[in-house]
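Dropping the structures in below, format is structure tokens.
Here come two complexes built around chain A, the first alongside chain B, the second alongside chain C.
Our next item is the complex of A and B:
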């Protein structure tokens, strides 16, 4: 009975034969035999939450925008599970020995969704008008690109005044988005109408955005990679309530949801259902790290011994297991372990040790008062949900044991950002940042003193100033020798883990929930932001 | 001599303009007390930013202008009936409100109608058997619905009717990409509407039940009811023709209050059921410091409140001829 139903789903004769053959070959050793290759068709319903502000990643690096845009746009490359760049719109690339020239060969015959040909002029225009100017993350990385040559439509050569090695770590669709020059040239990019009805070269074409409800993408029939994508349509639904998201996923109305779509408690339950799979891969390109910022201007926290005492007083193992339900691994350095080339495991460490914490606090001169309290601090947690609030509650309990009283303050995002980064009216704040494959992209911004006074969110929150650290950061930015660069970053890690203006707590493991019928869904280190062009349905979902 | 009704409407129109302008001006300054601005929120969500990026956003949003200039611009827009532009959403405020208004009207209209009809009926039934078992049961049920948090009722209904029984969809307002038209479309929307409207309706229901019950008991003790009994009218006729009609006045007042809250009243239900309505839009606009949009929604709400109150005043005179337009 099952076999007949399977056959009736097939359309081509070849496919019918292959299914029959598979059935005849009864019980093959692995379920993924050749006859079970990707199947075409089906509509995938995914979740994007919160609703994106824009669908163009050129000037907005928020997660929702990138989740959708990664399907509409292609990058020059994508990143394989080892974080190595792999060909996408660029087929080959070469970095000169001195790091001052980077050349790319571009794929031929690629078309924008409106039918116009894609060429090196689009890349050059995007680099000069987007990556070097308004892209919030790339400005520093591309600022040393002096000139860009396009000898022909399929070649682009970057000439740099100083080397900039992190360039090769940001060249995917959302890291260095390529916009169609013919639709953007000469316009006000921030207000261009195509920002909300994007035209890309990617596997899926933008079709409709019904605000507050869904974003609809359709298969790009002219996609450059033969046979891909396999899905006919991708719908990104906006479901604001976490319990409703869990219900929609459990029921099968939604088959793909990234970035912790439901609470940890729910995922424990949903993971046991045979119809669902939980996957923590596909986030390595982001490599999120949870940390505490200590306001180093605070009368207690300005003493490095107090900061170190707090580090000793926190049981990061327990924090990861209990508060984060195992979706977090203790961090030893601000550069997470996924960045194998840069992570330094020999930095000063702070294992859970209450005695040492108490001793350091006594040594700093903050003895326990008659009520057992040494001093009181305020903690502002990142207002991104209960997980950060619980982290704050853990902090309060843990520090009480060594005589530090913590008052937890709650506020919304706008107030939090103003308090920490503009008014600097806080003692300890929690936050997370993406390290990205190169520390220069995501990590050093927390420590470089050049950000101080600029009131820019997610920069140096602690107020830390160290000339040597600043020097190392600036040297590494323009260092062309990878080995020398790694040494700079190792020295950087040693110093900041000794001074501890910021305490890395956990390497967070975000999770994706998807239907077990959805195959080949996580193939890249940047999959959570990447295209669903490889994904296919073993069995099409019942449409909701 | 100008007729009373013309004078009534003329004065109400003037009142409306003054009240709405006052609310708009108060809101403008009140909302600016919230810490942080839209550019900081956007940059915050982006997870990375540069001072140049923040400056570009503030310029785009007009936040780089001094407050008096922003206020003058706002007043000029307001007086020319222009609600401004939501830079975050990339659309004019009026268009955004128009997109979301039908969904909210449908949800609130259905749930209030449901609550009014069922609640009043329950109130009448309870009042006619006041003090007996029926009364106790009805009052307890009403109180239970009133005391249960709306979001919890919503989630429970989803779990039972969508996930377990698989009768109704989990959320949203339509099935996406099914191309339904005509009757099939109406049926589809109705299926999506059942749980959210019931959830919200159950909450409102209690208010009507209790109001109706109290008003009925009160009216039953009036002299004209005793007269009606003395005349030998049947109890049913007394209840419906004499008591209910007079007991409707407080219910009508409540209806006016709830209709006034229509535009912003359903935040929780709209969130739990991914219903694309105005309440959710306002709620999100608040967190995103999208002040143009928020001011626009609040302004529309105040217009609706004033209009609803005028309509209720008018309806009083229909229900009770002793009340006059003045």
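Our next item is the complex of A and C:
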């Protein structure tokens, strides 16, 4: 891989100068003209839902933790709308031809919120003690990093035993969080007091966490990026009730809310208000896919024809339009279309076709009984809200038409995880997974047999075991040639879409609601987990 | 005036009507209650005739307002399910749960209360400690916990309501038994050699029936409400249509499509009101202090 764009210290000086010049240029103009550029000031009230368990994304990758932490911590990079890494704490980086060495030049003059200087030692320590060990998504990705060199304070070189291309796709603030070594070294990381009063290098400084009410962040006056952030304060409020969230957003009490903060029907209504904007960007980095896991040990589902019949019997178009109110696009492959480099559109497809579904079921030997029923299965849905429950209700009614009776089971999240991933006492489950920019991070975990027996949630739920698929997954993990790697992933997609241990249903589209007065709020592919440092108020909201 | 004269002055018609049934029928609230309850029962009985087919089927366009399409008089919900069909079929589930759970509570509550009140002593003490144990946990939270652990289905919901609703009934029955236990009637029966079971079931129980019936009607109403609350919180049986489940599902679109949550809510109000009115009427009718107003 070639050298990426680099922003040196010099260019940031230029930027600083140009900001100064711009300020001089607009001085004589009327204040209205000033609206052309970002304005300083204002307090942004946002929503985080549900309340995070911790504010440090090192060992907990729950969505609420990442939403807040993205503002307090900086990553080595962030991801632009095309999912390309862009400089953040790393100003430039270089991957050797053989993929076995990756070096980063780090930004100079960056300070932690407590005033201590940030250096390559922090990155090295975090890699060795967090990314490689306790971060839930990164273990496999950083596994092949054998040694880490820090020739000086601003350079870090990773030496890998085998290539690991997905590394460059997880280097943002929450994907590979850099913790302050001076506060964590020699402590029990999981129980460090700073987990809940984090010290980062980010644009906002943690001030206060009032449990059950809000998390208050204040502007970092020493932020390395000149003039940013524009907002004085960011308050993340905790509002557990969806109707109350909708009311707060409508009234303008809250100006920014991510991850479907209100019901789909409500957003249709709110989208019509001139004071609000709906944005579905900013989620590409996680690329969520809704899917069904078939327990391949089930007496009916172990027959691939039954799994394919179910795929034919589901109208994914209707599922996206009616059940998910248009916030879902039929998925063709487990690798979503957003991952343009890896998505294979030529995989076996299962268009809505009841006749074909019935024929396959007959062929498999499961004929309709006198009551029209072929067999009965249980369905367990991810208990994350009504959208998932309605998905189960849709499944029940849709499969009834081809003679499969579905018994829906409701339970809480802990029971769901135990049933599907530990006890394996289920027939069909529905859930969603983030694919992330590289299939290695989010997709292959659903198919790799290495996860079986580990009871790790959101891994191989179906119980699928295919030596060829395992081989492809392992080959792609250490493949240094991007083209060869894409071929491995294409072959992988062809096989799993034929075998269908897992049926990808929809590429989900999450949405963000924000005030129309809030500008430049979604600029990154990982914005939903990213920093609000670019956001500014055209017209500051009335404070209460 | 001599006693004979007083008796002579009571009109014969009045004597004929002076039983619980006619006294109930004279209570306007009871009459309204019976009529409303009859309506709900009729809905349950006729659900299959008026709305054949699965009420959970997606039959029409989603979000049709009441009256928009004559084939769906009460409109459709977010998945295009017929609300009228859901309300009619939901009546079956609500009444079924109300009746079975109450029957269960009656068996436990009356049993515990009767034995505790009749035998007294250690039996009474231990049974009452058990009752108090159940009373210390709010019944709704208790039912919620049971359903959450056992996973929601009609059987677990009925069971959870049944085993949590009986303590107050047990105390009521015990109090009645204590009152009668040392009275002349029981002493006479013991003297005549009647067995304990015969005394409890043949003689004491019929004498405490009035307050039991009154509380039973309220218990049915409470059971319906509890099931609705459980379903509203997402702990209903997802395989059947229930009023609480419909309200819970419709709540998230309350601002834009109020009728989806409101119409089944009205059904709950009607059923619960009917049972409460009936309970009130029965209470007035069987309460001797209110006999001659």
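In the analysis below, the second predicted complex is superposed on the first by the 509 of 544 C-alpha atoms of A that agree within 3 Å, B and C clash if a C-alpha of one lies under 4 Å from a C-alpha of the other, contacts with A are read in each partner's own complex, and residues count from 1 in each chain.
The working rule: a contact is a pair of C-beta atoms (placed from the backbone, for glycine too) under 8 Å apart; a residue touches a chain by one contact, two chains touch by 3 or more.
Note that this is a predicted model, so its numbers are computed, not measured.
If you put the two complexes together on chain A, you find that chain B and chain C both fit without a clash. Contact with neither chain B nor chain C is seen for A:378 once the two complexes are overlaid on the shared chain.
Within the superposed three-chain model, A:413 lies in touch with chain B and out of touch with chain C [touch as defined at top]. When both complexes are overlaid on chain A, the residue A:212 reaches chain B alone and has no touch with chain C. In the superposed model, A:305 lies in contact with neither chain B nor chain C.
Among chain B and chain C, the chain that touches a larger number of residues in chain A is B. Once chain A of one complex is fitted onto chain A of the other, the partner contacts of A:386 are limited to chain C, with no touch recorded for chain B. Of the two partner chains, chain B is the only one touched by A:53; chain C is not. Within the superposed three-chain model, A:111 lies out of touch with both chain B and chain C [touch as defined at top].
Put simply, the nearest alpha carbons of chain B and chain C end up 5 Å apart when the two models share chain A. The intersection of chain A residues touching chain B with those touching chain C, taken from the two complexes, comprises 243, 411-412, 415. Contacts from chain A toward chain C in the complex involve residues 242-243, 246, 263, 265-266, 268-269, 322-323, 383, 386, 389-390, 392-394, 396-397, 400, 407-412, 415.
Interface of chain B with chain A (complex): residues 34-37, 40-54, 56-57, 60, 88-91, 96, 99-100, 151, 155, 158-159, 162-163, 166, 169-178, 271-274, 276-277, 280-281, 284, 287-289.
On the side of chain A, the complex with chain B involves touching residues 43, 45, 50-51, 53-54, 59-63, 133-134, 136-137, 139-140, 190-191, 195-196, 210-214, 216, 233, 235, 237-241, 243-244, 247-248, 250-251, 253, 411-419, 422, 433-434, 442, 445, 454-459, 543-544.
Interface residues of chain C facing chain A in the complex, by the touch rule stated above, are 54, 56-58, 62-63, 78-80, 148, 151-152, 234-236, 238-239, 249, 251-257.
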